[in-house]
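Two complexes follow with chain A in common, the first pairing it with chain B and the second with chain C.
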Partner chain A sequence: MSDSRALKPLFQGAAVVLALGLTTLVLLATKAPPLAAYVNIARGAVGTVSVALDVLVAWVPLLLVTSGLLVTFTVGLWNIGIEGQITFGAIFATWALRSFQGGAASGAIDPALAIALSVLAGMAGGALWAMLVGALKTFGGVNEIFGGLGLNYVATALNLWLIFGPWKRPGVASMSGTVPFDKALWLPTINEQSRFAPIAVVLALVAIAVVFALIQGTYFGLRLKAVGKNPKAAYLLGIPTWQYTMASFAICGILAGLAGAVQVTSVYHRLIPSISSGYGYMGLMVSMLVNFSAAVAAPVALFFAALNVGSIQLPITLKLDSSLAGVLQGTLVLFVILAEGARMRFMKKGGRKA
Partner chain B sequence: MSVDILLLGLAGVLASAGPVIFAAIGEAISERAGVINLSMNGMILLSAMGGFAAALATGSVVAGFAAGAAIGGAVAAVVAFSSITLKQSQVAVGFVLTLLCRDLSYFLGNPIMGQPGPRISMAPIPLLEGIPVLGPLFFRQDAMTYLSFVLIAAAWLFIYRTRPGLVLRGVGEKPAAAYARGANVGGLRYLYTILGGAIAGLAGPMYSLSIKAGWKGTISGLDGIGWIALAITIFGGWSPIKVALGAYLFAFLQWLGLVLQSALPGVPSQVLQVAPFPLMILTLLFVNLGNAEWVSNALARLPEKPRRALARLLRAMNAKPPAALGTPFEKD
Partner chain C sequence: MRKITKLILALLLVAVLGTTAFAQSAPPAAGANLTIGLVMVGPYNDHGWSQANYDGAQYVVAKVPGTKLVYIDKANSADRPGTTVSQLGESLVAQGAKLVIFSSDDMSDEAVKFAQAHKDVFVIMTSGDQTWKDGKAYKDLPNMICIMGRMEYMKMVAGVAAAMTTQTGKIGFLGPLINDETRRLASSAYLGAKYAWVNYLKKDPAKLSFKVTWIGFWFNIPGVTSDPTQVADDFFNSGYDVVISGIDTTEAVTEAAKYAAQGKKVFAIPYDYAKAIDEGKGVSLGVPYFNWGPAYVTTVKAAMAGTWKSHWEWNAPDWKNINNPDTGAVGFNKGTLTKDASASVDKFIAELAKGLNLWKGPLALQDGSAYLKAGEAATDKQVWYLPQLLQGMEGQSVSK
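This part shows the complex of A and B:
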């Protein structure tokens, strides 16, 4: 066994080297200077205090959705509908903020309370959309991958319809989103220019800590794991599997909805067309990369957020598409999965010889 | 005159279903062998971009389609290697690949974005095109659409009427039994996953060299097609003819959406554009309803006659996946 532990970093190191190698080949294929591109990403992520704070701003929703996904993965579910759940959270939070706007301006309601209630509304919206996927799965036999994907597109359409229809800016509707909320309803940031809200970071850290404790240290978490490992055996042992499935969808949806609510109250201060920004799919990648364990999710999510923010400047400085971050993330996850398979195969072969 | 316009619209439906047919039948072949290739959505984007780039560089659409098939086969080979040789989760690798291929297509396709390029030309078949109704529908298409007609029949004949087709089904249903009868389960799964991927890889260039000619990056409007194709594979019960019917139904509904959009200006265009996705969920709900426990419980409480009729209806719609779908095969 000690051999396998020693070999693991070796295989993971090889995966990182291969991922970097393949991404470098992709860069060379477009006749782009690889080193300059990597330096550009690093500088774009940590070069100044302002961009480093932007990384933290991107880290919050990513860590929130990853926390939620770790719960659904514990039950063995692929909650690909997470993107729609973020969007629904954002829609519900926007609806609440719009309703409170008048009250907050006239002093009828405390702005802090209005923000808190709107965030709760966002969490409810995410949970609602997630439980719809769960209901389709448990009562209709629709695989959660397809149910979730379909509902992602529906949520996007609903979002666009709201932005271009009932909630459009006075005069002309546009891709830039709804009218920004009053400043009183923004989540407090460290200064006027920054989008960095310390409360949001605390929320994300609490979320991952709670999920870690829930899965590792509670009876509920143990039963979630039992359902994930062997639903039939869990059911025979008296665990109501469908209730645990629904509960895991609800928890994931709550955290995804929270991510959506944070995006509207602290980052954009309005509802925009691509409000989920692909954080849901990225959260799935982070979950796979950390092998579905909450222990190292926070630093890996931070790294992914840094890659995303770091690549924003690529189109301007090097005329490269910013999807390079996705290429690097994708090759990394792919090679880590392949390396894990190769390690298991290698050990099995070694075991047979011995 | 209006009949001519209707025929032209329906001929367009047959053509626009073509790529979905290639993708869904390719996936059906792969899944029949027991391997889910979930990379479809990103792979179609990458093969669309790669096919267009190859056709642009060589000036030949044939090279474009060859590049598309090669990309589809290569992506499928990664799925096959990780799931058959390394025994990793097919869903995990497929999902990573779908995102990776999408980002690769946007990154690599950046320099050729919006460029004009070659297109596949219409190839009406002499004499046959003159037949009333059938001529304009089936015989005034391009070569790839004809190929999609041929593929439906060929795939069906292969799967249900040949000995290798029987072995293919065996490998996906009862790999242990197929192995005991001398079939090389791992090798055949490699073969059919890569073959299915190559067939599905033709879908991308069908868009970028014909239906939505050119490469337009994130606004190509191809994101989502692969997921629809995967759902149609289930809807069609992994049978080429039913899969093709699903693809035609999808294309017909899309066309209907376009027609309705001009007729009903009150309905926002976003709603009709995503209409296929709730429909996808509903069709999956219908084909799976027969498997749900509460449905059989509810059925048992009904009187004899409606119960029988309902049960028969549910059974007719029910889709049952290959028994060994998604599970690795161990020789011992």
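This part shows the complex of A and C:
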């Protein structure tokens, strides 16, 4: 056992090297200079204060959804519906902001309160959509992967319909998005030049800390784990399995909805078609990469966010596509999982010999 | 002690006044060297709107010594999820850009955000109206200039080419999203078509069918917009034998070429980019295009010389030669036209040059309400902010 622990970093290190190697090969195959590409990504992520803050802006929704996903993964659920839950959060937050806009302008409601209520509405929206997946699973026998995927499409369709229909700009029908909200209803940023809202970072850090504490340090978390490890045994031991399943969906939905609300109130200041920005799927990758453990989720999510923001430089300086970041992220996840599998095999063989 | 306090106060006052004065004026002259940043909504090589802008910026680099271009394309949240347009503008500033061109209507809000946040950077908002004093969206932005070409003229020419070619009397308009700009451009094409139909062909205007179908954005975003390929196919399959494109990309021409290869007699008119007619040899009647180079050169020179002054410009064609690359803002590149149609197009351009105005009453809006009284010529504001399509056109005016 101690051998296996000692070998783990070795295998993981090899996985990282392999992922970098494969990405480098992709670069070489397209006749692009690998070193320059990596330097540019690094510069684009930490080269100036402004881009570093942009990394944090991307980190917030990613960390929020990852936190949520760690809860559903603990119960053994693949919450693919996370994208739809972000979108629903954004829709609910937009709906609330739209209702408060008049009141905030006339002074009938404090803008800070309006923002807070809208963020809460977003969390409720995300929870609602997630619990629908949960209900389909518990009461309808629909696997959460299929249910979630289906509901993702429904959320997208609803979002598009709202943007192109009831919430369209006056006289305009465009997928550009809804009319931007008044500045008073934006999540406060450190200054006018920045998209960086410190409170959003605090929310994300609180989320991951709470999820960590919940899973590691509470009876509730222990029961969640029990349901995840063996639902039947957990049920026989007196754990109300379906309630715990629903609870995990609700928690994940709340955090996904919060991510959607943050996108609306602090990044785009309006509802756009691709409001989820793929953070849900990226959160799944981060969760897999950290082997479903909350302890290292924050730094890994930060690294992924840095890759995303840094890669914006690639088309500008090297005429390379930004999707290179996705290649690196994808291969990283793949090789880490492969390495873990290889390590297990290796350990088994070693065990037999001994 | 007091003296020091006074001195500090005075210095503070100067600093505050200085910053406010600075904030309310254009950025200082850029000098002999200027890096230009270009943000494009689609791919730089889309054979349409974005490429026309890219070529315009390249034209500046070729004509104005000391200039350099950095650019980012596909600046939309579908292609670059999680990013904002002002963030992408900043990434160009990080590469040294002191002047940033936001080259799409889709970037209007973000360009304003950027201009307000970066008062030391020159901003060109292509196709915008935020710096039009009499416009509806006016904002005091000393570092921003809005530029647009009077494409209405060339869309009318396109309408003439379409009317002179159609055998079925059915012209389709492949529209992007619905807004002021797209309404007035689709309507211009209709005005040109109707004019040729009535005055050149001596036909009954009631027998001309002109239908607009909108896809929802400037180009295809799978799963989000309607598919322009599908829309073009629907036109060709339902008796429309000429499709005028109003979108950034070339689907109308590509589809026309496909149908022509199957023996159908159909044609298309692409948009934005002078060389877009090469996309479908034999089926492109011509292309109304933008020539951004000259206007960008003037503006860039102003930024370098320190003569920059915020304003809005809606630039006319060079009627002496609408295809002169060094002068006009818009042109029409003729493609496959019959001798007759070609002569009519030339005749129409000559008439426009002499002052023919089709934006003149009596004209009614699509729902029948009055737009222009008999003999009344539309003002710039009336054309720019056209509230509906015109009477006689089929298709949605405003999303319900």
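Going forward, the second predicted complex is superposed on the first by the 354 of 354 C-alpha atoms of A that agree within 3 Å, B and C clash if a C-alpha of one lies under 4 Å from a C-alpha of the other, contacts with A are read in each partner's own complex, and residues count from 1 in each chain.
Definition applied: a contact is a pair of C-beta atoms (placed from the backbone, for glycine too) under 8 Å apart; a residue touches a chain by one contact, two chains touch by 3 or more.
Remember, it's a predicted structure, so these values are computed and weren't measured experimentally.
By the document's definition of touching, neither partner reaches A:I251: not chain B, not chain C. Contact with chain B, but none with chain C, is seen for A:M288 once the two complexes are overlaid on the shared chain.
In the superposition on chain A, contact of A:I337 is made with chain B only, not with chain C. When both complexes are overlaid on chain A, the residue A:L324 reaches chain B alone and has no touch with chain C.
Contacts of A:G141 after superposition: chain B is touched, whereas chain C is not reached.
By the touch criterion stated above, A:T156 is placed in contact with chain B and with chain C alike. In the superposed pair of complexes, A:G171 makes contact with chain C only, with no contact to chain B.
Chain A residues 156, 160, 164-165 lie at the interface with chain B in one structure and with chain C in the other. By the touch criterion given at the top, residues 44, 47-48, 50-51, 54, 58, 61, 156, 160, 164-165, 168, 171-176, 180, 192-193, 195, 267-268, 270, 272-274, 277-279, 308, 312-313, 315-317, 322 of chain A touch chain C in their complex. Partner chain B is touched in their complex by these residues of chain A: 26, 29-30, 78, 80, 136, 139-143, 145-147, 149-151, 153-154, 156-157, 160-161, 164-165, 281, 284-285, 288, 320-321, 323-327, 330-331, 333-334, 337-338, 340-342, 344-345. On chain C, the positions that touch chain A within their shared complex are 70-74, 77-78, 80-84, 86-88, 90-92, 94-95, 106, 109, 116-118, 177-180, 214, 216-217, 221, 223-225, 387, 396, 398-400. Every residue of chain B that touches chain A in the complex is listed here, in rising order: 38, 78, 81-82, 85-89, 91-93, 95-97, 99-100, 102-104, 106-108, 110-111, 217, 224, 227, 230-231, 234, 268, 270-271, 273-274, 277-278, 280-281, 284-285, 288-289, 291-292, 294.
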